[in-house]
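See structure below.
By letter and in written order, the chains are A, B, C, D and E; residue numbering begins at 1 in each of them.
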Amino acid sequence: MTELAPKIDGITKEKVIKTSGPWREAWNGFRKSKVAVVGAGIVLFFILLAIFGPLIAKEGINDQVLGDRLLPPSAEFWLGTDDLGRDILSRIIHGARISLWVGFFSVIGSVVVGSALGIIAGYYGRWVDTIISRVFDIMLAFPSILLAIAIISVLGPNLQNALIAIAIINVPNFGRLIRSKVLSIKEDEYITAAKGIGMKDARILISHILPNSMAPVIVQGTLAIATAILEAAALGFLGLGAQAPMPEWGKMLADSKNYLQSAPWTMIFPGMAIMLTVLGFNLMGDGLRDALDPRMKN
Amino acid sequence: MLSYIGKRLLQLIPVLLGMTFIVFMIIRAIPGNPAQVILGQQATKEAVAALTTKLGLDNPWYIQYFNYLGDIFKGDLGESMRTRAPVVDEIWSYLAATFELALFAIIIAIVIGINAGIISAWFQNSWFDYTAMILALVGVSMPIFWLGLMGQWVFSLELQWLPTTGREEVRDPVEAITNLYVLDTIIQGRFDQLGVVLKHLVLPGLALATIPMAIIARMTRSSMLEVMRSDYIRTARAKGQKMFWVVYKHALKNAIIPVLTIIGLQMGMLLGGAILTETIFAWPGIGRYIYEAIGYRDYPVIQSSILIVALIFVLINLLVDLMYSLIDPRIKYD
Amino acid sequence: ACGQADSKKQGSKGEEGGGKTDVNKTLVFGRGGDSTSLDPSRTTEGETYKVTINLYETLLNFGEKDTTIQPGLAQKAEPSADGLTYTFTLQEGVKFHDGTDFNADAVVKNFERWASGDAEKNPYYSSMFGGFNDDEDHVIESVKADGDNTVIFKLKRPQAPFLKNIAMPMFAIASPTAFEKGEDQFERNPVGTGPFKFVEWKPNDSITIEKYDDYWQEGLPKLDKVIFRSIPDNSTRLNALIKGDIELADGINPSDGVAIEGNDELQLIERPSMNVGYLGLTVTRPPFDKKEVRQAMNYAIDKKSIIESFFEGRANSAKNPMPPSISGYNDAIEEYEYNPEKAKELLASVGLADGFEMELWAMPVPRPYMPDGRKVAEVIQKNLADVGITAKIVSHEWATYLDLASKGDADAFMLGWTGDNGDADNFLYVLLDQDNIGSNNYTFYKNQESHDLLIAAQSEIDEEKRNELYKKAQEIIHDDAPWVPIAHSTPLLGASKNLTGFVPHPTGSDLLSKVEFKE
Amino acid sequence: MGERKTVLQVKDLQTTFFTDSGEIPAVDHIDFHVKEGEILGIVGESGCGKSVTSLSIMGLVPKPPGKIVGGEILFEDKDLLKMTERQMRRIRGNDIAMIFQEPMTSLNPLFTIGNQMTEAILIHEKGWSKKKAVNRAVELLELVGLPRAAEMMRDYPHQLSGGMRQRVMIAMALVCDPKVLIADEPTTALDVTIQAQILKLMRDLNTRLDTAVLLITHDLGVVAETCERVIVMYAGQIIEEAPVKKIFEDPQHPYTKGLIQSIPDMRYKKERLYSIPGNVPKPGSIKQGCRFAARCEFAFDRCQKENPALYETSDVHDTRCFLYDKEGVEMNDNKTLVKS
Amino acid sequence: MTTKPLLKVENLKKYFPVKKGLLGKTVGYVKAVDDVSFYVNEGETLGIVGESGCGKSTTGRMLMRLLEPTEGKVEFDGKDLTSLTSEEMRKTRRDIQMVFQDPYASLNPRHTIEKILEEPLVVHGIDNSKERKKKVREFLEIVGLSAYHAKRYPHQFSGGQRQRIGIARALMTNPKLIIADEPVSALDVSIQSQVLNLMQDLQKDFNLTYIFIAHDLGVVRHISDRVGVMYLGKMVEIAESEQLYAQPLHPYTKALLSAVPVPDPNHQKEQILLEGDIPNPANPPSGCTFHTRCPAKMDICMKAIPKLFEQYSGHSVACHLYSELSGNDIKQMEGSL
């Protein structure tokens, strides 16, 4: 029995390739994509800004120097000051924290809830699926921003509730994604193989289906962070998100839209901050998609 | 086919019912008494109490809900608590305004987006591809209200090319027949007005079109890239067909299906979610109407208009599904 | 840069009209919201009156710039000595837009219609006249025609602001033939006697009215057409004005005042102030149940810089709950000055030397009396921090805000009031009397002494005596300090330079019959 | 057979894919020719470069990442590689036609058979009326043995079975009486009974129309039954070329030998199959020495260091193996050999 | 070799419903497997051949109840599998294992080889972690891979190696029966022979019983002791492999054998070309499903479904040509085909 091996072939001679898992491969693919790296760079920049920015930025972002109202960009105030005489640059730096926070956590919320529902619906099927899918349909048929507004109206307008509302409106997106992924993975041959060796459903779910449906969730999640930041900004713009004196970017835009004529910099820079951050996440999401999507490989 | 449509419409019923229920519960969970809101700050306690009773707001919620459902089945969408106008009468003009804008936006988005996507895929990794895709990414990364305000600043105020707000030149108003002004002016042969109406559409239309355009371009590109790799494209080329026809005949028809889905979803989105654009450009549309109704706790308006918007949304998506079968003979609904 | 004067539909007109000889006769008036109704008696909302005041007329009018009583559809109104009977003599030869005659009968029918209504249909009627037909508190006993041109009102008890009430735009006389056809259609097809008649209403977009050729006042109106456009966003409305898409815009941000003044094509118009913006302190919520704390708040807040920054100086610092333009204003009262030290002392005197934590409610929407509530809240927050008070800014959506504040859920809340009829009662009694706790007295302020004074003033017909009563009440209120009065703002409008004859009215409802464009 | 003209000659063709993970020389210095009316088979295991060779001839190598980096492809003495895309289009489908492995996916699912057939005709027959094209299409469909051809013109590909689709593909390739027909694994996706039908059709057409056929397959059985001459490819190179009988009677390259021996024969039972050890290498993965050396039981030192040239072992038989390097010098290649 | 049947299949059927209309009413069935019976003796290899879509995989899957049979009985080692609860069935799978056609698709791309091979042991609670790891390495060596391969992922292997892993996984629990569904169809010829040899070696070493599904008649002949031929959901012929290849009875079998290209240019054969395509199993022809393509079609073929019956000992066929005829008649008829 042991002498079988040499009898068969000389495979054992072949050189040892460095072990690398699918995640590592994805990482390598990701690193190779210029777009993705630029995106990740932007995101990283804003993350660092969120973490360390407040240390560098001018102190007292909420200190009002009414004498310094609406000053144009200058050596002292690189991006000018707002209508309360506050340094816009410092506020943008602090605002990074808020936008990223809302982005990350709302998406984590939607992913957790959406995945749970999606997996249950996809794996158990039948009436559970029918009910969950119908609920998703209902939620998707709502104009999402209106749904968010309604939810915030119920909960009260503040950043945390805006975060919750954004998380809620994105749940069906993730739910559906995971559901369809589960449905297709369920038909994969390695699931049949797992059943064939006598594996229990629960274990199949956890050890096979879940990990294999994560790649699109990660991609979608990254892109959803981008959307969530935009949604938060829109809510902030409507006065339904962060409250004063928080330097949330959307709110900064709302606060300064009256000054578009007289002090355009109050409008331009926070807008650019939003755009750049969102762009970063979008680029990164794109890169991740290419890296994680097996169809992109040969 | 008909039975498929029937089936889909039947499936709509639970969705719309669930929808009415959710809307009903959410808006009633919003603090604030509509009677108070309607009467305003200056109103007396008695007036508020009287109005509350009059509006039936002191009934238990399930009675209110079933009354509402009953009305809907009778085809009665209720009347606005605030203006007392029947919702059916009012909603058409708002819907039409939004529909016109959304259609304009989606047409721009489709024409530019699809072509940009096709060319990007055709000349993959060319400078056009890179530029278009970066622009598309920037497009989806912008807050549209910001874009709208900036557009207004540049094109209306600085350059004076386009009007700032509204749907028409109010001094020479369009006589509303269908409330789709482009159509109305054409019907009446007022081509001078048509130009004005189109000018009014440009800024809000572009602001709205940006995101769908970018999404469509990206979707088209990736879908095209996939199709371009397929065997039948190779076959078409092996026949000696010109690349232009290979792309625009063979590839496009195959690549368009996922793009159609996106278009359907985006169109639905534009119909209900353009609140900010409608506010900035003073567009008398449905998004702003609902948004203001939420502010006024105008329950019947919120309930009925969201229901209608949702209905349109699902119908558009049904339409998209049916279009699949026109494009793809393999898809047969029966 | 504005359109061509041409009221008839013909030929082509871009927005850049050539207009060499023709003077523009169409005014486009941009405003924040749409009207809810064109029947003024059915609503309490200002955007409606902006339009209806030009469509209908009232028996009596307010003065051009103030709230003095002037003749209107009634040439004169004579009260009896006991203040229980008023005899109105009507203008002759007035016709409604539908061609029917205006006469005593029409007036009676209008009042009958209102008095037989209910709170839903005619919300304002009951607030101004104490109720409806069957209500005990209803002030009006009867309205009778005496011939074609005389109407006699009999009251149950004297009502000091009776004539002012009659002059309010909501009690405009409409054509009975029109409203008898049905309330609902009437709301959208208004028929009055005013200088303009109704043409078209595109919801949330525009309302168009045009010159009434048979208007009884010779030579008026001067314009052919007025179009009210709703442009919800303040900054876009300004953009539209600058671009020339509209010629008159209200709700101009104070911060944009300078820009308009600096623009050769535009003029800035200030509306006389008849409002007050204030910070209410809910007296039932500790520590605001202590007078010292409330006074300390008054000392702590730097109104001057608020006014400078957010009203751009276009407001007067407020010391009383009513604006100085209203008779009965007590100018003798000494304003709490900005004095953080004093505030700290007062706080220390009640054992709050270390300050306390509170919620500061900020208005989510711009109002004429408070163009940017949230910004002002930020300044107040800062002021309070300087005296050791930690204020957390809380915001609710407007409807929720009012609802919760009226229930006493806020520690301190920003709010304001614009007078309806220019009477002191409309400020002091409505906002600060114990009778109105639960409705407009959001602070839950209760003081027997001031209550007695305010009730007495309601039925006092002698102006002098009445003013005395109000001045006393203001003293008491000043000392109790349930509010931090902040400002009486002068709301701003912008117009194109060649617009003349526009006189902004303190109530916010502007009669446009004398407006015209110069060449 | 008499002297037949060479219609297609491939000289020293090199097609390389430039991918993220390095260069893949999928076709690595290939020389061969096809004569008029001949059926030339190319066999080899998956990934050895058969399809890339045929795509190179058609000028359809996907680029990026692929690129033809060297060589000549002479069609009637004109070099296809020097042609513009425009000239190339005139060759494709007209002089050289191709049918592909997957009949299921090689027809556009959204157009009718008729549409695709007439399109192919009208591309090259500029002046033709629609009607004439339709008639021609029906004629061709009948030629490839499709019943009810006229009705089939209105059908969509999904309404046909695999065998029928492959017939349609063949009909489409015959539109302009091509001089060369490249068939890339035309029967691999089909069932044996259907495969037999299609192969018979191809043989018949070849004799009737005198079209040169380049038949690519990995099935030695198909080669044995259909082809006159065979090229065996391994890892991007031709390793043996001979008339079909020779290959089966006297396979020379150890790989060819092994391959033939490892096929289970249906006619009798072998106790144990021969098997070539190891795996099929990807082109480019072996940089030095003979590509087959690692799996070869005859490999010696030289095989590890040098890549053998294609040695002519007889008039009609070439082999890429040092075992046939009679003089120790290379014969076909210009490179000088390092002494072993 | 013992002759005791390890597996006995009786009247196995699988009908997939075809749904249509408003409420998804079932309007018909795809008779993927229609009344199939056979047995497999312990230690032997039963080959099943047939063209694509004829129901080979469906049969294979039903044996393990990865698909629930519509009807019929599967008796394994004396137990009726169709009557087991799903938990009991799960446990029984320890003794029946499967090897799949696509070695890549049947391996979870995110698991290491070690994890994949260990899984059957974990599932059935065999051994402790350390012993399991040891066993994994041992089996890797057995199928011709190396212990150091354990930490790698499926995509890092070639097709043949992956199939070895699939085989190793099937061996882990020491099963009695292995169902191999086209285990070599996706492999290159040179690799195919390696895997076939491996499977034969393992059969000897572990005393395995195989059901070997394939469409390549050469491969089936090489590995099988007995061979069953399926056509459109039915078993049309089953016999000892020597017997079947030497003397096929069913016209379909004959045509099939004649269609296979032989890698020998000198081989002369008379080819029976079947006409037309395989009918749609959702709408099979009446009577004998082969009658639409059969060169020896008779009237009865369109009406009656021929039963599978034993023509010679161990050689059964389902064809009207034989049911009432003797062995001699058949010999005579051969010429006419």
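Basically, a contact is a pair of C-beta atoms (placed from the backbone, for glycine too) under 8 Å apart; a residue touches a chain by one contact, two chains touch by 3 or more.
For clarity, every value in this text was computed on a predicted model and none was experimentally measured.
Enquirer: Measuring centre to centre, with centres taken as mean CA positions, what chain is farthest from chain E?
Expert: The chain farthest from chain E, judged by C-alpha centres, is C.
Enquirer: If you tally the C-beta contacts for A-C and for D-E, which one comes out higher?
Expert: D-E
Enquirer: Roughly how far is chain A from chain B, centre to centre by C-alpha average, rounded to an integer in Å?
Expert: Taking the average C-alpha coordinate of chain A and of chain B, the gap between them is 25 Å.
Enquirer: Rounded to the nearest whole Å, what is the centre-to-centre distance of chain B and chain C, using the mean of the C-alpha atoms as each centre?
Expert: The mean C-alpha positions of chain B and chain C differ by 37 Å.
Enquirer: Using mean CA coordinates as chain centres, what's the chain C-chain E distance in Å?
Expert: 89
Enquirer: State, to the nearest whole Å, the distance from the C-alpha centre of chain B to the C-alpha centre of chain E.
Expert: 55
Enquirer: Mind pulling the chain E residues that touch 2 or more other chains?
Expert: Residues 161, 194, 197.
Enquirer: On chain D, where are the residues touching two or more other chains?
Expert: 275, 277, 279
Enquirer: Chain C: which residues touch two or more other chains?
Expert: 233, 235, 239, 242, 396-397, 400
Enquirer: Where on chain C does chain A make contact in their complex?
Expert: Chain C residues touching chain A: 233-235, 238-239, 242, 253, 255-256, 258-259, 305, 308-309, 362, 364, 372, 374-375, 377-379, 381-382, 393-397, 400.
Enquirer: Inside the complex, what are the residues of chain D that reach chain E?
Expert: So the residues of chain D touching chain E come out as 45-46, 161-164, 191-197, 199-200, 218-226, 244-245, 248-249, 258-260, 262-267, 269-270, 272-277, 279-280.
Enquirer: So in the complex, the part of chain A that touches chain C is made up of which residues?
Expert: Interface residues on the chain A side: 62-64, 66, 69, 83-84, 152-153, 156-158, 239-240, 243-245, 255, 257-262.
Enquirer: Which positions of chain B touch chain D when the two form their complex?
Expert: 124-125, 229-232, 234-243, 250, 253-254, 327-330
Enquirer: Given the complex with chain B, which residues does chain C contribute to the contact?
Expert: 3-4, 6, 9, 12-15, 26, 28, 33, 36-37, 42, 44-45, 118-120, 123-124, 126-127, 131, 184, 187-188, 200, 202-206, 208, 225, 227, 229-233, 235-237, 239-240, 242-243, 245, 396-400, 402-404, 406, 417, 420, 430, 438-440
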